[in-house]
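Every chain is named by a letter (A, B, C and D) in the order it is written, and numbering of its residues begins at 1.
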């Protein structure tokens, strides 16, 4: 499955195999992680909520658009949800191409699109309370 | 070891651990592979020769320059040598950062620098004979 | 006609439910539905429901983003949610 | 003084060895050494030893790229190799 929402951690080697063929010369991977700091607050954990069916459909649309827009060979887009601790993986985008240029461009573009379009929301559990992240805004959650 | 010339295949999970800290928000990875075609020729195998001591030293210089040039956290540069078949990994560059932008830029920059500076040479074994690759030139080998 | 409305993330907390069914006039648009929902859930009134950069609502129909002038049909699933923050 | 010269890739095949030791005048530059090596190994004569985009030689001293006016010292290791093609 090349586009997935999942609770379990990523098997990156498996994602690489999914996009590799004998024609592949370069693979670019973006791996997002939960970091311990956000806007000056000490982060303990992220809770990702998703509109799962739509999220998968939107990732599939992004993958399809990437394959049309860039001369790449293949792409994997995986996103995790649920409770994720500092250091855990959150998102994985893998783009394979004959050459590296297009793989870099497609990977970067797809990560941006996922962050802009895929219905997933982050709640940051910090030392100063819990905040919903909505685009650039942070809103205190009860 | 963050800069290495090696015969064995890459352990990508290990490379990721080497650059990860609780501050890490994004990791960008470039993985090069032997592909089955080069300038219209059907490639059977690549033979990489290296000036090993200098190659490692040059990779260390590239890593140090990347850490100065980009606000990234860490970088791994590994390169394989010896006989590599179609589909096998050749080069791995991993850049970690708080944010993805700098990780993408640093990874791309470092791959370009490795290809320009690190003393490693590729001999392509194709259906039409064996060729030394020197920058953009292909020279038939005996 | 009958449609389903789903709420996600902070909107789900605000409204107090993740899903409800509603009877709405035949051929109603997404924009008109939003007005009905604001009446039904006063806690949504302070949210900026607009189609511009300042908007803090996204609307999808059957799993696809739609604009406010999108007409609805029997059985459609409409979802309301804040700007996304995946990745 | 005595120095070591190493050859890599196609240059190693051309010269027929990967390494040799040479007695050279005290304080000789890399450029002067290259002329000596061209005399010693006529098979290198058709190679363009220059410091520009068309050059097909790289020179390192003790594992670092150097220019043709770099002076050499006793025990230095000079390597000659074609444009690289890693990655």
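Just a few scattered comments:
By our rule, a residue touches a chain if its C-beta (ideal position, glycine included) is under 8 Å from a C-beta of that chain, and two chains touch if they have at least 3 such contacts.
Just so it is clear, the model here is predicted, and its values are computed rather than measured.
Counted as hops between touching chains, the shortest connection from chain B to chain C is 2.
Averaging C-alpha coordinates per chain places the centre of chain A 49 Å away from that of chain D.
Per-chain CA centroids place chain B at a distance of 25 Å from chain D.
Each chain gets one centre point, the mean of its Cα atoms, and the points for chain C and chain D are 72 Å apart. Not a single residue in chain D touches at least two other chains. In chain B, the residues that touch at least two other chains are 32, 111. Taken as a graph of touching chains, this assembly is arranged as a line, each chain contacting the next along an open chain of partners.
Chain pairs recorded as touching, per the definition above, are A-B, A-C, B-D.
Interface of chain B with chain D (complex): residues 32, 48-51, 53-55, 57-58, 79, 90-91, 111, 114-123, 132-135, 137, 139, 141-142. On the side of chain C, the complex with chain A involves touching residues 6, 8-10, 13, 56, 58, 60, 63-65, 79, 81-87.
The residues of chain B lying in touch with chain A in their complex are 12-13, 16, 20, 22-33, 35-37, 86-87, 98, 100, 103-104, 107-108, 111.
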